[in-house]
Amino acid sequence: MNSSSNKSVRELIQQNRQQKFSMKNVMERFMPIVLFLCAFVSVVTTIGIILTLVLETRHFFEVVSIKEFFGSTNWYPLNSQPEYGIWPLVVGTLEITVIAMLVAVPIGLTSAIYLSEYASERARRVLKPILEVLAGVPTIVFGFFALTFVTPLLVKLIPGLAIYNALSPGIVVGIMIIPMIASISEDAMSSVPKKIRDGALALGSTRLEVALKVVVPAALSGIIASIVLGMSRAIGETMIVTIAGGSNPTALVNPLEPVQTMTAYIVQVALGDAGFGTIEYYSIYAVGTLLFVFTLLMNLLANWITRRFREEY
Amino acid sequence: MALPEKQPVQKKFIDPVAVKKSISQRLVVNNITKIIFLIGLLFGLVVLGILLSGVVRDGAAWLSLDFLQNAPSRRPDRAGIYPALMGSIFLMLLIIPMIFILGVGAAIYLEEYAKKGRMTSFIEVNISNLAGVPSIVFGLLGLTFFVRNMGFGSTLIAGALTLALMSLPVVIVSSQEAIRAVPQAMRHASLALGASKWQTTFKVVLPASLPGVITGIILAVSRAIGETAPLIMVGAAIFIARAPEGIFSEFTALPIQIYNWTSRPQADFQGLAAAGIIVLMVILLTMNSLAIWIRNRFSKRY
Amino acid sequence: MDTKLTTKPAKEGVKTMNQPVAARQSVYRVNDLNLWYGDDHALKDVNLDIKQNEVTAIIGPSGCGKSTFIKTLNRMVELVPIVRTNGVIEYHGRNIFDKDYEVEELRTSVGMVFQQPNPFPKSIYDNIAYGPRVHGVKNKKILDEIVERSLRGAAIWDEVKDRLNENAYGLSGGQQQRLCIARCLAIEPDVILMDEPTSALDPISTLKVEELVQELKKDYSIIIVTHNMQQAARVSDKTAFFLNGEVVEFDQTDRIFSNPSDKRTEDYISGRFG
């Protein structure tokens, strides 16, 4: 028994405070800085991406004129007289995006309306995780699915369809985006307060009328934002189009023929044997820059829509 | 349509008879569209079903213990997925600590320490935009910065860093949500006991938000593990016979191996690809279920 | 190491340990306290003298500043970013707004119980041990002792002694609130601030907390904000009536309720407004 330690908790605490002060102060002073640096990593990443793209693209434009890049409709990087006109890749990308949106928007939105307006709580608890699983399927798996299932199916339906075409990957990219559009739209619709719905129902509206005339207009900004974000995903999608779309950069719009998107071109070069420092190597940065700008604009647009048209209940 | 007869004396704008008639019609429309909406929703589920069953049908025959233990080979019957599987597991082990420390650190800073102002909103806008950058662009960053500038070459660490940077925005946002969900009353209780800000954050807020944080991290990692394009950019080897030996060794990963098999014309390799997909999907579905389980198990605790 | 704790919490604040114990010493002396939330002048020239080992009740209609006032006493009010204060609050003779007065030090000797029970999502044991641990008490035996004594002090020991390792959220609302009181006792404060501690509780739990307040008064000075006048009458020795951020009247509780000197107090007490 040590009589000197016979003291109250308060004295014990007081004693500890005096001893441990410096260590505690260090943490108190230091941690905010450490945490700030963690948060700043994301800013550094953005700077890194922009610097990478700008610096390497500069090498590309030392050889290829901007006029050719935006003016020419031929993308022949492998020719003895290579031509770098970006339009075929842009057209291919947009073709895929349009097909994808034709699939994803109607299905994504009807799913969202059903989940938010019709489904019981129990049904929702089952259905939403399944949509989440669909959202978690890797793109490589979707690519495999496009090539081994969707394309053969389409060939049966459309005689003369090329094995590599824009239609099949377009549809599958659309399927990939469904969960994204559905879940963002559903969030927007679910956040329309119950009292607004009840008000409409009490006037004798049917569920459909409530959904289309009350909920959808109120949630419109979220719905549009989901579509814009979906488009951005479609533009940036890589593996599905690489696997099932072929590698034929063409400015002609025909979904039944092979295409090449911006992303697929980048992969093609990365897998090929274009040496470091060649113009072909630098071309992927030029294409990447354009891709980055496209998706960034889409994301900014989606952000702006949600912020600008946010409903206040 | 039965229009109400014009009665100048008793003018009624809503005619009960007409309403009654139209109601049945409106209800029919309501029910038909309800079915259409349901079909829309089921479409996704059906596709998921077809996809999974197709993969199982094509790949099940190729699944075996040998498949998990062998290296890839030009002869389909000897080909296996071992180096790719190990590569993916190594990637996962490297990514998790990176995104945990950086992601949770950033989230704590933004939720607990950052003062509302230009810098903070700039960082937040930046994070949300970064979340929308296509993965292949992160691949270009990885190729330029980690592989070339830092001189890592096409190694495991270069791949892991690239995937970690790509996952970071998602982890930050989901961790922020988890931290925000911790009631203010918890922080007040701790501060009122004389605890400092950091003690409150580290001993109360972080433990209380941990289930949500972990759920977000698992989902982000399962996303990252399924990514192909950034790894192609970083130069993950298409053909490699051995599992990686350290963070600076060359590597391949499951999606890369699957891509390699998918892009070959022979049917046998398609079967191998399907088998590889089964392995990948089992890993991802396990992780997803774990995340959902954690979320449900620990939700609504306050 | 064999450490034994004295079982009686020190009655005096550490700062006043050497002073002779007078009949009723001042714990808090509030001089011309003003407080603004932005442009909103929430407390106006508040002057109060709060004595040791008394229960001081603070009453008044909603929005009168009573909650703001009690949160000012341990500077929790500063968590609202737009708050400005001026004036002096002396805690045992030292101004709590002094630059070198650390809030952590103040809050270690001034405990607080909130409107809503707010236990941590941890075990009952860890909830009580949190405070001592934060302040560097690591010894398991001492912690065990603190936990038991605090839970006994809050009259909840018998109800929870067999499930100390269970999550605190398994307890009922009333038990949670007493747990929060126990958590606050664990760091042996000198003053306990209670901000409408029973507003979220049922009548029986309320009664238990009120009995507890009477018990705790022997060892602690208690300041309790309440919107319930009967509660103020039942538990307190002194009562302060707040209205629009001002102290209208501060006196012995019996006097306030039987023979208030201000007309507005009388109106409020007799239920004419508020």
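First chain written, first letter: the chains are A, B and C, and each begins at residue 1.
The rule is simple: a residue touches a chain if its C-beta (ideal position, glycine included) is under 8 Å from a C-beta of that chain, and two chains touch if they have at least 3 such contacts.
Chain-to-protein mapping (UniProt): A = Phosphate transport system permease protein; B = Phosphate transport system permease protein PstA.
Values in this document were obtained by computation on a predicted structure and should not be read as measured data.
Undergrad: Top contact pair of chains, counted by C-beta pairs?
TA: A-B
Undergrad: From the centre of subunit A, which other chain's Cα mean sits the farthest off?
TA: The most remote chain is C.
Undergrad: If you average all the Cα positions, which chain's own average lands nearest?
TA: Central chain is B.
Undergrad: Using Cα averages as centroids, what's the distance between subunit B and subunit C in whole Å?
TA: 47
Undergrad: Which integer distance in Å separates the CA centroid of subunit A from that of subunit C?
TA: The separation of the two C-alpha centroids amounts to 52 Å.
Undergrad: I'd like the Å distance between the centres of subunit A and subunit B, where a centre is the mean of that chain's Cα atoms.
TA: Centres of subunit A and subunit B (C-alpha means) sit 11 Å apart.
Undergrad: Considering subunit B alone, which of its residues make contact with at least two other chains?
TA: Within subunit B, the residues that touch at least two other chains are 196, 199.
Undergrad: If I count partner chains per residue in subunit C, which residues reach a count of at least 2?
TA: Where subunit C meets two or more other chains at a single residue, that happens at 104-105, 108-109, 135, 187.
Undergrad: Would you mind writing out the residues of subunit A in touch with subunit B in their complex?
TA: 24, 27-28, 31-32, 34-43, 45-46, 48-49, 52-53, 56, 106-107, 109-111, 113-115, 117-118, 127, 129-134, 136-145, 147-149, 175, 178-179, 182, 204, 206-209, 229, 232-233, 235-239, 243, 263, 266-267, 270-271, 276, 284-285, 288, 291-292, 295-296, 298-300, 302-303
Undergrad: For the complex, which residues does subunit B have touching subunit A?
TA: 19, 23, 26-27, 29-30, 33-34, 36-41, 43-45, 47-48, 50-51, 54-55, 58, 101-106, 108-110, 113-114, 122-123, 125-130, 132-141, 143-145, 148, 165, 168-169, 172, 196-199, 201, 219, 222-223, 225-229, 232-233, 235, 238, 255, 258-259, 262-263, 270, 273-274, 277, 280-281, 284-285, 288, 292
Undergrad: If you look only at subunit B, which of its residues touch subunit C in the complex?
TA: Spelled out, the residues of subunit B in touch with subunit C are 183, 185-186, 188-196, 199, 203-204, 207-208, 301-302.
Undergrad: Under the stated contact criterion, what part of subunit C meets subunit B in this complex?
TA: 74, 76, 79, 103-109, 111-112, 114, 116, 118-122, 130-131, 133-135, 167, 169, 180, 183-184, 187
Undergrad: Could you list, by residue number, the parts of subunit A that touch subunit C in their complex?
TA: Touch list, subunit A to subunit C: 1-2, 5-14, 16-17, 19-20.
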